[in-house]
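What follows is a pair of complexes built around chain A, which joins chain B in one and chain C in the other.
Up next is the complex of A and B:
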């Protein structure tokens, strides 16, 4: 889970101009001012990074980064 | 010897009237920064009330013929989402407008993928020996189907037309259409649609509140699907052409949205600089977008003879596709 969170923050840093020290597991995507298209872009990037299928509603703007990491980790376990 | 369809002329036409983001902001709840950050679009062209799709197509077709140094073609294929009328097709009018006599002429309906479908059909007619040349036109007066109150579609779409002349030639000649991928998935037919006015919900049956004659799009789902489909299709044709991603000189994607285009390049592991961008000046012109972007890329020195180019598109249907071409020495007009 921590590993997934760190890699997710890595995607946010590389693709969305977000500094790692700006965010915590509690930070929501709303707070990062990421619009709905940005969440789709993040989902696509995460799909490549973690090798799991991520649907449109898996990452919502009201979710925190920690919640998104948990959702991705759960998928990774279920296919792993 | 096998006959190939070779690109021997390229024409483009945009109606002169420009609508800037600031113009839209005066009518709708939007602004320049909002439109640019979400779409990458700064302005679009819109045709006036007297101009129909066939008028734009005739102008682009005339220019493609001139670019090829020819006065005629054996066949006309028009890819459009916005025909002059639901019946008949627009292409016969275009053929007549170009003084091509009684040549075969028909429309192809694959929304934003229409131009690539048109290339596929035209390439087949030439390869089979049915005709020796085909004018393939992508033309749209997309403004004619937009909901005046819908800020998302009003900001994205523009009018215009682009055309290529395909002529029979050697498969190894520069400009010969290379590997082509075309696909569709009708389970996504509701994603990009004009809900009413067809046989499912005819104009005469219901004109109440449920009747919707305007273009609608489910943005988020389309975004994801467009990125996945275009990237996979572009990689497929590049692979079949024997090119590594590094060897692709220019990707000419359907000009849907700058963020979609960049996401396609990222997914292909292609540097974003090798993605042709025209929509900042013309918006998304649907079936006209790929030929217009090709002409723009040549005019700006981004696409040179001998370059390996991959075109890819995604549109309503849903449909998608890609085509690989070694770029010929043509001057767009």
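Up next is the complex of A and C:
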């Protein structure tokens, strides 16, 4: 989970204009001004990073980064 | 020639520029006034192509222009527009937090829109399949988005559109913006043009048409009205003007850099890409702009030419200028310095013309070493010319035979 969270923050910093020091596990995507299209883009990046398929409703704007990391981790486990 | 309407003056109260000659009006204007050689060089994205150079904006920082949370989701053409609009609004002394946004319009010109995004995502489609294509493709590509993003940045909720008349787009936009002030639909219009399409597909297309210069030296390739001109040098950039009704601008004590006092538009109805050799269509637009301003040819001191550096355009335009105005007006083409920024060109040239009127200084046409003997007009070359300019016209002619002419006057 921590590893997934760190890698997710890495994606946000590399491609989405987010600074590492402005996020925590509690920060929501809304607070980062990431709308539904931004989350589609994050889903595409996460698909490459984690090798799992991210559906439209897996990550919502109201979710926190910690919740998103958990959702991705759960998918990775179910595949593994 | 007179018109049955009262002359209508739209005050230019603010200007902003993003060009290869500089980002920011001061840097760009200083470089235009220097003349010298073209602000061109090899473009990394074009490496290996027959047409490999252009006038790229090298000192542009998208994060500074639109913020790091947005920079990644705006195409470069929208980033340019947002940056130029912010500079123009600050220059106008307008504070968007205090205005009635419903009275503020945005009219920008763009020839092609977010072409770089389209080309990149087409590669994604071919190489990785449709489910990897960006969900932001459409909002980054669509030609109207630059005006949409400018509105989002400043809360301009009035009429919002992008005009597409190829290389005349920026000029068409400014003429259209002035009409929104004249009709009363808007009190303020943010207008101009933007273009960012120096990508392999687009530049190869222009190259295959034979429209681009084939010279080896990028800085000597754009040479409007020169006997050795052989095509244009592609450029990117944006320019934005803030227009208000003159009485409104004076009432709020705004500094008026110049006025847009006439506009005319027409079509050649002749050929997709070649200009009407006699310039008959362009003449209709020019005479319409004069009539709109209630002025005649003898009133015009200066022509900011379309002057692309193509053999056909420059000759047809020079013949038109000579036929309508005689030898009198001093003519310049800033494309010698900034290249041809397509849908942004007319806006860049309108800002240059406004600054010419404000400062009484006509920038020189770069690289004009030996004027084509068939071009019998007074082209400013070498160094710029200090001259009181009361009335100037700015010509723009687009592929498709679309012509647009602005008439600007000293405030």
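By our rule, the second predicted complex is superposed on the first by the 80 of 80 C-alpha atoms of A that agree within 3 Å, B and C clash if a C-alpha of one lies under 4 Å from a C-alpha of the other, contacts with A are read in each partner's own complex, and residues count from 1 in each chain.
The working rule: a residue touches a chain if its C-beta (ideal position, glycine included) is under 8 Å from a C-beta of that chain, and two chains touch if they have at least 3 such contacts.
None of the values given here were measured: they were computed from a predicted structure.
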item: Clash or fit (per the criteria above) of chain B with chain C on chain A; value: clash
item: Contacts of A:56 with chain B and chain C, given as first, second, both or neither; value: first
item: First, second, both or neither for A:77, with chain B first and chain C second; value: neither
item: First, second, both or neither for A:44, with chain B first and chain C second; value: both
item: Chain B versus chain C as contact partner of A:33, first or second or both or neither; value: second
item: Shared chain A surface residues [contacts with chain B and with chain C]; value: 37, 40-41, 44
item: For the chain B and chain A complex, residues of the former touching the latter; value: 38, 219-221, 223-224, 227-228, 259, 263, 266-267
item: Chain A residues within the chain C interface of the complex; value: 15-19, 32-33, 37-38, 40-41, 44
item: Contact footprint of chain A on chain C as seen in their complex; value: 63, 67-73, 132, 134-136, 139
item: Of all residues in chain A, those that touch chain B in their complex; value: 35-37, 40-41, 43-45, 48, 56
